[in-house]
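Working notes, structure below.
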Amino acid sequence: MEFTAIYYLIPALIMFCAGVYGFITRKNMIAMLISLELMLNAVDINFVVFNRFLFPEAMEGMFFTLFAIAIAAAETALAIAIIINIYRSNKSVDVRTLNEMKF
Amino acid sequence: MFSNILIYFVVIPLVMLGGLALCQNIRQIRAVAVTGSLALIGLSAYVLAEYLGMRAAGNEDPMVFVDSWMWFAPLNIHLAVGVDGISIAMLILSSIIVFAGSFASWEIKDPKAFFLWLILLSTGVFGFFISIDLFTMFMFYEVALIPMYLLIGVWGSGNKNYSAMKLTLMLMGGSAFLMLGLIGIYYHSAPEGGQLTWNILEIARNGSIDHGWQTFLFPMTFVGFGVLGAMFPFHTWSPDGHASAPTAVSMLHAGVLMKLGGYGCFRVAIYLMPQAAHELSWIFLILTGISVVYGAFCACVKTDLKYINAYSSVSHCGLVLFAILMLNETAMTGAIMQMLSHGLMTALFFALIGMIYGRTHTREITQMGGMMQIMPYLSVCYVIAGMASLGLPGLSGFVSEMTIFVGSFQHSDMFHRVFTIAACCSIVITAVYILRVVGKLLFGPVYDEHHLSLTDATWWERLSTVTLIISVAAIGCFPNFFNHLINFTFKPAIFAVLGLN
Amino acid sequence: MDYSQFLTMKQELGLLVVFLLVFLYDTFMPGRTQKALPAVTTVLMLLLTVAGFCPCVLGTCGETVAFSGMYETSPVICAIKNILNIGVVIVLLQSIQWANSDGMRMRRGEFYELLLVTLFGMYLMISSRHFLMFIIGLESASLPLAAMTALNKDSHESHEAAGKYILTAVFSSAIFMMGLSFVYGLCGSLYFSNIYVSVASEMNLMLVCAVAFVIAGIGFKLSLVPFHLWTADVYQGAPTSVTSYLSVISKGATAFAFMAVLAQVFGTVYSQIWEWMLYALIILTITVGNLFAIRQRNMKRFLAFSSVSQAGYIMLGIIAYNAMGVAAMMYYILVYIFSNLAAFGVIGAIENATGRVSMDDYRGLHKTNPRLSFAMMLAMFSLAGIPPFAGFFSKFFIFTGALNQGSIAIYVLVLIALINTIISLYYYLLVVKAMYISDEDCVIPTFRSACSERLGLWITVGGIIFLGLVSCIYSGLLNMMADSALSIFFI
Amino acid sequence: MESTLPILILAIPLAMFLILGIAGCKMSHKLAAALGIAGMGTTLVLSYITALTYFFAPEFTGADGLREQLTVFNWEWLAFTKNLVISLGFFLDPISAMMLIVITTISFMVHLYSLGYMEGERGFQRYYAFLSLFSFSMLGLVVATNIFQMYIFWELVGASSYLLIGFYYRLHSAVAASKKAFIVTRFADLGFLIGILVLSYYTQTFDFVKMTSDPSWVLESTGGATFMGASVLTWALVLIFTGGMGKSAMMPLHIWLPDAMEGPTPVSALIHAATMVVAGVFLVARMFPVYMLEGSATMIIVVVGALTAFYAAMVACAQIDIKRILAFSTISQIAFMMVALGVASAGHGEVSHHGLGYMASMFHLFTHAMFKALLFLGAGALIHAVHSNNYTAMGGLRKYMPITHWTFLIGCLAIAGIPPFSGFFSKDEILAACYAWSPYIGVWMSMVAALTAFYMFRMYYLIFWWNEPHYHHAPHDAPVSMSIPLIFLAAVSCVAGFIPFGHFVTWNRMPYDIHIELPVAISSVVIALVAIAIARHMYIKENPLPAKMKAALPRLWDWCHHRFYWDELYQFITHRIIFNGICRPLAWFDRHIIDGTMDSFATVTNKASDAIRPLQSGQVQMYVWYYLIGALLLAGVTAVCVL
């Protein structure tokens, strides 16, 4: 059995959807962050797979992935910092407490 | 740029704005307002004389004093000016009303801001009338609209917030359609290729706009301007707006601003898109015909003086649009004369209503009576205004209405003639509501004993009203002068296209 | 590798220098001189702006490509960067008073450094011709903003805004990158030019999704409906200076970048795919933004929704897909910067002096603070598009540009947009009404705003009045656009 | 003819109006009156010179006796199109010359009379100003060279009539009456205007000379066009006649005239008896050659006239207010003139009588103006003396007011058609013309003539004989300024009948010899005498006979007394139907439907704004959810559409 691109892409898509699902349903902000990480990683997989299977002559996808990982790390760090901030003032990491401003 | 005389119609108000900004006290403000408006009257008189001289010398150009300065080169937008008889008539009208309006607001509170806005408004008005570039025309049009909001909102009375907002939004709604129409015209201004242009004369010269587009753009522009011309069913801003506006603003608004609508309908919608006008006129004839009769009927039952006058304006301005749509020389001449006439007499009306309201603090005719005994001068003026409104010969209303009726009835189509007869009926209804007001307000015994202590007009009020009355009588007594002034414009271009007349 | 390529990035380098100087000043200068940091930053930024206008110093005379086509600069790009610079100077000017307030003493430097970093990101975003560069620019323009939003440590709202912002932003960038991965999968390259060439032959569901995701990702930053929901909360929660920065600079840069992406990447599928997407988005954006704005009482939130609907108008310049439209868009951005900053300047001044931001607090303002209310009124008129203020011209030109496309559909779209201007006029007039017409017992007392704030207001008011009347600005932009390499992408 | 005098005839009253109107309030009463009277006097002299020159100077009469039509001057006032031009001019032909005499005479008399009658009234100067305005307008009307000039002055007389009726503006009744007069005539003028429009559309001219000199051309120019079954010419003429109906108070547009008696009595004499109300007759006479073409139009004139004459005479028998009686008598007499004009047209009767009715009508106009003015002024003197309009407050006055009594009696005899007073001659011609046209109409009109004699003498006896009530102050004759006009007019009424009117005024401007048709004359005199005798029997002194008759025919009395409920009908139409049925609903419609629609745009926007509020729920996850849905929808919908 040969592993074509689709075998990698479908798990990536599932990962992405799981991330989206998790992001929308989890109430804990940390969990949401994890979901986000899932989504970003799914994207990374996509890039790598495309590069590896479809366009192996250049390394654009790989490089993009590297940068994307870095960006994801930065995002997470910033998000964690802000969540901590929120925890300080709200004593909670429940996303539902972020509802002071609306309408 | 400053060698063109017309540009001073905008420069003078701008200088006045600057002068007002520097004013320290009420005397200076009044001085600026009076000097400026006198200068404007003088300027328009000068332009009129020059124009007549040029025509007498055999000048056959559609417009004179034409000049154009590039503004936004890539879009070919110019600051283009030029006048013909119609614009000159409108300029004279505006300057007279600005003059009278300045006197009518002699003792307004917070005069500096008031006059600033008022003069800004008149800048827009003058700019509109001298422009022949669609862009600048539209720009000045909107410049004239927005000060209304503050003028009514701050200095108004009654339900002023609602009225001011309604007026502004409805008029801006009209100008939304208008803007689309104007840009559309621009993009179809050169049917045979070549440079697109905003210049009205050039568009007219370039030949007719593509027919399919005309049928789309004509309603846009006509409705856009028609809103300001109080066309049914877009007239409802008028009663509320006028009722809440302070005196001078009502004067300027009903007297001049509503004329922008009629003028624009002619200058843009009809002049540039005659075929569509010819084909679609029946729809708008029905609407304006309704305006004419309907406004008059509504005025019959209102008890607030300003509402009565506002509905009367709906009726009279409806007649303007009605006549324009007849697409013949006489009726259109009548339309312009009606604009002049209505502008002057309605300004007179609003001035008087403001003066009466300033004394009695009510505009309900049921709360007043016998004013003739208390303030005879104002009452007599009111009767004169009423007579002008109901079309007494010798005053302006008669000549304009008759020109419209006779002109409209010359239309070869039976439908148009029948509608003319329907519109004629308004003269009876007008008589009904005018006499009803005159009878209740001025005649009869004094209703309220407290009114007995009220005083008659002051000198500035007299000056304001006398100016207007003289103008009304001048048109009424020497109509042929104005007729010729206006008439010339309708001779050349437009009817040739239609094969009418 | 030829390191002289870096020299084509003159503006970026200049900005980097400014950033470094500010950073060094903040880090190494003694405490008592720290109060001068805002002023120093402003002056430095001003110098950069001035330099940007002198071609001999910073500006590039022609179109240059660097880093094997990842980076591009051209007169048009320089122009938009200059426009952003002007906006940043005004924002900085207006923030001096706030940055020097007690609560900000410890974080003064952070604000300026983060701000400059985001600006740098925007530069990259505008100049990039490769999606990697683009995403780096986008993220560095977006992530520090979350930190800036949270800058107001004592305010719960500030935290909440930052939380919402970071979560949605990351989500959005995930979607965006997903879209990019699709594009990559289809075209095998992330260079704009390569994609442009090959994208038309790849019409399939994946491409449609890719375009939709890219539009969503960038639309998020532009706050197009329905990707706009963070806008109001973040604008409200963030410190006023950050909000003003967010609302004009970030939006302006993104709008231009959006245009570049749509034209240079997906230009060949304009009429097939994204024209209709934009129709829907524009109508939604303008309408929903307006409908929400009607009911707002908090001035910042109010301006947030107003900026949502303004974004819709900005999009009209893109949908036309022609040089005239894009020039009008740039002009619109410029005018919008001035108008909105005038409004935020007033809001900021009042907030700094009294801490009040509700529209109801503005009642009767003209009696106590006539100049502030005058500036606010001009800003509102300009935003609403009332002549003779600049907003009128920008609106008119953007409509003219859009209608240049000529189809009936665009006429309908513009008509909808025009009808929406009436709604927008309504809520802008509400502010004017509050200040000039409504009477209130507890009016905000007369106060004298700081020198810097006044200067900022004078500049913006001057801009509002003169930007429209002085015709060479728009004409220049249009000519520049017509000459630029971008114009080959247009129909 | 030299145009200076004609210009002055119009200019002097106008100048007087402007002077008195603008500066009047600064003047003393005496000065104002002196100015007014002097002005009118000058006009009188000038008019007489002009008219008499016209009638007697040989150069205006052709060799065959044909009188020329002179357009003394004709200034373009407003040019609608090349052909349709309103000119202001001075047109002199027999009828306008005659009208000049009538108007200036009566007007001067009224000016003079008012000096005494209006003495000390507030607004005395205003009164003279308005009188001058009226004289100006009326003179302009009769000398109009074109139909539009006539319309202009037509409106002006309407307005001056309005102002004068409402002279006592403090009284509700006067204000209401003036309003009514204006609106009713305005309504009629609408018909007039439309008539002018229709006529001018086809003929492309307003000019009288052009229309009347060759009427068949008018017929041709319409090209046989029809509208709703009738020819357009009929329509035009009937509509123009409508205008005349309004001014001349023909049924059903007569209702304003009785109320117009709220004005000062001299005004009633001038406007509502002698001059303005005959404008309708004058209009038809002016257009007579055109009317002759259209049998159906003249038929309508005859029918309307005959009905009105009878109706007004009936009503006059049951009125209490002496001015009302005179008003209805005026209506009735004008109807006589109308009928005469109607029967003058071709198509009926003997050829020799063509044009007789026209002459008779004009003759009656002339004599009626004199004796009706006399009667009104006499009534004014009575009212001045007893301070009441009702005959119930009078009685036996012959002893107290001999001058008034005798002059009034002359007036009554004149109107009753007793020779040798002027009314006899003119009425006789009318009846002769009627008999010639159709015996039925002749009999009908004779009956009306009998009624006329009856109600006039009923009034006469009730005022001057009957039972003398208790007077607080003994009534006495009016002062000299009031008596002179009475005596003068009485004298004119005595002799005017002997004027060879046919030599001056005929429809074709050829002289025509009047000869009394004995059968008609004798029978009508007999009938009149019988009617007078009945009146004398019933009313010479107090007796139960009138009351008995009233009781015998209560219904008839009620209907007559209430003028056949026309006013109530109008009240119903205007108030119930037009005001409450049209105006109010329209105003409601405007406020609630039209304006409501406009407001509803705002409301709907607000509602929509409310409705989408939950979108911005404040929950990040919802934001993201909408984001996702948006992105997917964008992709999905596009994919469905594109792929």
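Residue numbering begins at 1 within each chain, and the chains themselves are lettered A, B, C and D in the order written.
Keep this in mind: a residue touches a chain if its C-beta (ideal position, glycine included) is under 8 Å from a C-beta of that chain, and two chains touch if they have at least 3 such contacts.
This structure is a prediction, so every number in the text was calculated from the model and none was measured.
Trainee: Determine the set of chains touching subunit B that also touch subunit D.
Mentor: Per touch definition, common to subunit B and subunit D: C.
Trainee: Quick check: more C-beta contact pairs at A-D or at A-C?
Mentor: A-C
Trainee: Taking each chain's centre as the mean of its Cα atoms, which chain lies farthest from subunit B?
Mentor: Result for max centroid distance from subunit B is chain A.
Trainee: Using mean CA coordinates as chain centres, what's the gap between subunit A and subunit B in Å?
Mentor: Measuring from centre to centre gives 65 Å for this pair.
Trainee: Just curious, how far off is subunit D from subunit A if you go by their C-alpha centres, in Å?
Mentor: Distance between chain centres, rounded to whole Å: 96 Å.
Trainee: Roughly how many whole angstrom separate the Cα centroids of subunit A and subunit C?
Mentor: Roughly 27 Å, centre to centre.
Trainee: Counting only Cα atoms for the centres, state how far subunit B is from subunit C in Å.
Mentor: The answer is 42 Å.
Trainee: On subunit A, where are the residues touching two or more other chains?
Mentor: Those would be 23, 32, 95, 98, 100-103.
Trainee: Where in subunit C do residues touch at least two different other chains?
Mentor: In subunit C, residues 163-164, 167, 171, 175, 232-233, 295, 426 touch at least two other chains, as defined above.
Trainee: Return the residues of subunit B touching two or more other chains; collapse runs of consecutive numbers into ranges.
Mentor: Residues 169 of subunit B each touch two or more of the other chains.
Trainee: Please list each pair of chains that are touching.
Mentor: So, checking each combination of chains, I get A-C, A-D, B-C, B-D, C-D as the touching pairs.
Trainee: Could you please specify the touching residues of subunit B with respect to subunit C in the complex?
Mentor: 71-75, 77, 135, 138-140, 142-143, 146, 149-150, 153-154, 160-161, 164-165, 168-169, 172-173, 176-177, 179-180, 183-184, 186-187, 216
Trainee: What residues of subunit D sit close enough to touch subunit B in their complex?
Mentor: My answer: residues 25, 76-81, 84, 86, 148, 152-153, 155-156, 159, 162, 166, 169-172, 174-176, 178-179, 182-183, 186-187, 189-190, 193-194, 197-198, 200-201, 579, 582-584, 586-587, 590, 594-595, 597-599, 602.
Trainee: Can you name the residues of subunit B that touch subunit D in the complex?
Mentor: The contact residues of subunit B facing subunit D are 166, 169-170, 232-237, 240, 294, 297-298, 300-302, 329-330, 370, 372-373, 376, 387, 390-394, 398-399, 402-403, 405-407, 409-410, 417, 420-421, 424-425, 427-428, 431-432, 435-436, 439, 442-445, 479-480, 483-484.
Trainee: Enumerate the contact residues on subunit A facing subunit C in the complex.
Mentor: 16, 19, 23, 29, 32-33, 36, 39-40, 42-43, 46-47, 50-51, 54-55, 58, 60-61, 63-64, 67-68, 71, 74-75, 78-79, 81-83, 85-86, 89-90, 95, 98, 100-103
Trainee: Would you pull the subunit D residues touching subunit C in the complex into a rising list?
Mentor: 602, 605-606, 608-610, 612-613, 615-616, 618, 620, 622-624, 626-632, 634-635, 637-639, 641-643
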